[in-house]
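Below you'll find a set of structures to go through.
What follows is chain A paired twice: with chain B in the first complex and chain C in the second.
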Partner chain A sequence: MHIPDGILPAQVCVGGYAIAGGVTWYALRQIHKTSDPQAEIPKAALLAATFFVGSSINIPLPPASVHLILNGLLGALLGWYAWPAILIGLFLQAVLIGHGGLTTLGVNAAMIGIPALMAHQLFQLRHQLGQAFRPSWSLGIFSFLSGAMGLGLTVLIFFGLIIFTLPSTLDQTTEQTALMALLVAHIPLIFVEGIFTVLLTLFLLRVKPELLES
Partner chain B sequence: MIGLHRFAKVSLRGGLLALIGGVVTPAIALAHGVEIKSRSLSAVQIQATYDSGEPMAGAQVQVYAPEDPETSLFTGTADEAGRYLFVPDRPGDWEVSVRQAGHGDIAVIPVSEAGTLAAGFTNTTGLTALQRGIMAGAVAWGCVGTALYFRRGKH
Partner chain C sequence: MAIAFHTNIYLPGESPIHRWATRPKLLSLLALMFAIALVRHLVLVPWALAIVALIYGCSRLPLTYLLRRLPYPGLFIVAMVGLLPWISGETVIWQWQWFALRLEGLQIAALVAGRFLAIVITGFILLGTTPFLDILKALRSLGLPALLTDMTLLTYRYLYDIAGQLATMQQAMRLRGYGIFKQTVRQQWGWLGALFGSLLLRSYERSQRVYKAMCLRGYGQGMNLSNTGVSRPLNGVTRLATSLTLVAAFSFVLGEWILSRL
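Right, the complex of A and B next:
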């Protein structure tokens, strides 16, 4: 789901960096406002490592292989810290394993990071909307929604970006067909990520519930 | 009466066409003579795969000649194994773009004056097993270290 170098026009790459720069500034400002900004750093580091490893595991689903993203999970558990964690994870992936690229780092960060921040807002809604359920049910439902929504939104942004920037030299129909096949291949993964987020948050609720409150 | 008049016009036109055909046909038939020449050329075969090792079957391939990186000289589709074959007709750096479903890469293939290029040329510098091992170890150590940090509790 990472966009490599050479796929997007230069204007889009520059726009991606501009958006990522703005969000980085805002996220760091929000983090700085917390009472102890350093307290969450180990958790963010652990989940940044999980993001890095998770994104390196290929799951073969034709026509291409897909890999875990886990941005919904990071967003749910880290809040604003999810942004720097994803940014650092993406930079290391581009440099070390060639997933994505340096020209598209801003676009990839916006594509993966902004849905993560939105997933956090959705996860927080359990305090208001989840009152009707038992705490574990409420946590499970909103974890699933956050995990699934994070990846689902990323997939939609990816397809929007690719479809609207298809060069005229390419056979549009062939590329659109391949993109649709890839979109369909990601639907099971959206459920997998939702379920994975549920399992992890329920585990944390049992062993270290304070980690769920960021 | 009108029908007879039309029949006469049609048969006249048909006769005229037949006459022209009869005169012209031998000349056209002579122009259909075929000559086939042959010469041997060095072809370049590329093979595109995803980093998981799966071939990019059916991917769109565009080949750019050295002096014109804007307009593709050849376009086509990779086969089931992700392979595509083309014949560079001049020396220089040929660019080959492979793309499928928002994934893709560009390879620069240097072709010498003699039309040859390095055998098994590849533009990717894949990680060695040692590099991958060190990286996985570093990440695992990061996870273990962070987990230990949480286990120690507050002091």
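Right, the complex of A and C next:
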């Protein structure tokens, strides 16, 4: 779900950097409002590294296996720190293994990071809307929604970007049909991401609940 | 995992590209990458590749460095443009039964793949000739917030440790029967959830210890991990390399502008 270098026109890449710059400014402003922003840096950095590494785990989905993005879970656990964590994760993926790209870093960050921030807001809603359920049920429901929404929005932005930047010389109808088919093929992945987020948050609830509350 | 094969990203050397001061090198090569991303006419792609090949030659990085790094990102670009020549366009240039190679699709695929190669190789030149810490210091001196550079440094520092830890945990899981005994998908997901959860926990607990150690060393008392001070004197190599790269970047912008007017 990363857009590599060379796919998007330079104008879109520059636009991506502009959006990423604006979100970075706002996220850092929110972070600096906390009592001790520096105390969270090691936690955010190590969890970012863990998500980077953990996204390489093969999840069996017969007849194949998939890799997760986990931006919804990252948003749920790290809050505003999810944005710098994703930006840094994508930068390191681009420079270390060539996955994604440096010119598309802004676009990829916006595509994966903004849904993560929205997933965080959704995850926090459990404190208001989840009162009617048992704590584990409330956590499960909002984890699923956060995880599924994180990937769902990313997929929508990804395909939107590809469709709107298709070269005019291509057969638009054929391309859009192919992309729609690919979009539909991602729906099971959105559910897998949601389910996996539930499994992880319930695991953390059992063994380290403070990680969910921070 | 892919990260395990990419531990040595910087190769020390004495080439002109190695001696190029970090800040101008970073800015010039980024400008070149964006100029190449701007290219929409196939005729400019061989020029972009030639210029990047020339810089790569000047960097004296071995060809194996490139060949080791290209396959992983290359797979993604092949997956994204590989089908275009077969499904897109109207001018059929070769046909065998229902397989038809189409000119327009082929041109777009060549354009995208060419741009991708040129940009990715430029990125590899930057990383292969500049220590990662110097790149971070240059970014910091260019105004990137300290929080971002500190986080990047810590993430980079612990990335390989965590990758090693995951590999050990996966081996332990296999020794306990994962993937050997018959399991349902639900059971496998449970195991993998616990694996990733344990990795998160270990990292979280480690981060608490790391923070305490950092505080004891003065972190948070006006000290950042990535202090500025990467500047080297602007030597002749830096002036020449920066000017030539910026001229090349500008010529792509100009060439693209002229070709779009024709």
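The rule we apply is simple: the second predicted complex is superposed on the first by the 194 of 214 C-alpha atoms of A that agree within 3 Å, B and C clash if a C-alpha of one lies under 4 Å from a C-alpha of the other, contacts with A are read in each partner's own complex, and residues count from 1 in each chain.
In this text, a contact is a pair of C-beta atoms (placed from the backbone, for glycine too) under 8 Å apart; a residue touches a chain by one contact, two chains touch by 3 or more.
Computed from a predicted model, the values in this text were never measured in an experiment.
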Considering only the touch criterion stated at the top, classify A:103 as touching first (chain B), second (chain C), both, or neither. second
First, second, both or neither for A:195, with chain B first and chain C second: second
Give one of first, second, both or neither to describe whether A:124 is in contact with chain B, with chain C, with both, or with none. neither
Output check: A:207 vs chain B and chain C. Expected answer is one of first, second, both, neither. What do you get? second
Using the touch criterion from the header, give the chain among chain B and chain C with more contacted residues in chain A. C
Let me test your reading of the model: by the given contact rule, A:30 touches which partner, first (chain B), second (chain C), both or neither? neither
Please indicate which partner A:4 is in contact with in the superposed arrangement: first for chain B, second for chain C, both, or neither. both
Let me test your reading of the model: by the given contact rule, A:158 touches which partner, first (chain B), second (chain C), both or neither? first
Scan A:181 for contacts with chain B and chain C and give back first, second, both or neither. first
In the superposed arrangement, what residues of chain A touch both chain B and chain C? 4, 6-7, 42-43, 45-46, 49-50, 52-53, 60, 96-99, 169-171, 174-175, 178, 208
Mind pulling up the chain A residues that touch chain B in the complex? 3-4, 6-7, 42-43, 45-46, 49-50, 52-53, 58, 60, 63-65, 96-99, 158-159, 161-162, 169-171, 174-175, 178-179, 181-182, 208
Inside the complex, what are the residues of chain A that reach chain C? 2, 4-10, 13-14, 24, 28, 31, 37-39, 41-50, 52-54, 56-57, 59-62, 77, 84-85, 87-89, 91-92, 94-99, 101-103, 167, 169-171, 174-175, 178, 195-196, 199-200, 203-204, 207-208, 211
Show me the residue ranges of chain C that touch chain A in the complex, using the header's touch definition. 1-3, 6, 9, 30, 33-38, 40, 69-70, 72-73, 76-77, 80, 83-84, 87-90, 104-105, 107-108, 112-120, 123-124, 127, 132, 145, 147-148, 150-156, 158-159, 162-163, 166, 185, 188-190, 192-197, 199-201, 203-204, 206-208, 210-211, 214, 219-220
What residues on chain B touch chain A, complex-wise? 50-52, 54, 57-58, 60, 62, 72, 75, 77, 97, 99-106, 124, 127, 135, 139, 142-143, 146-147, 149-150
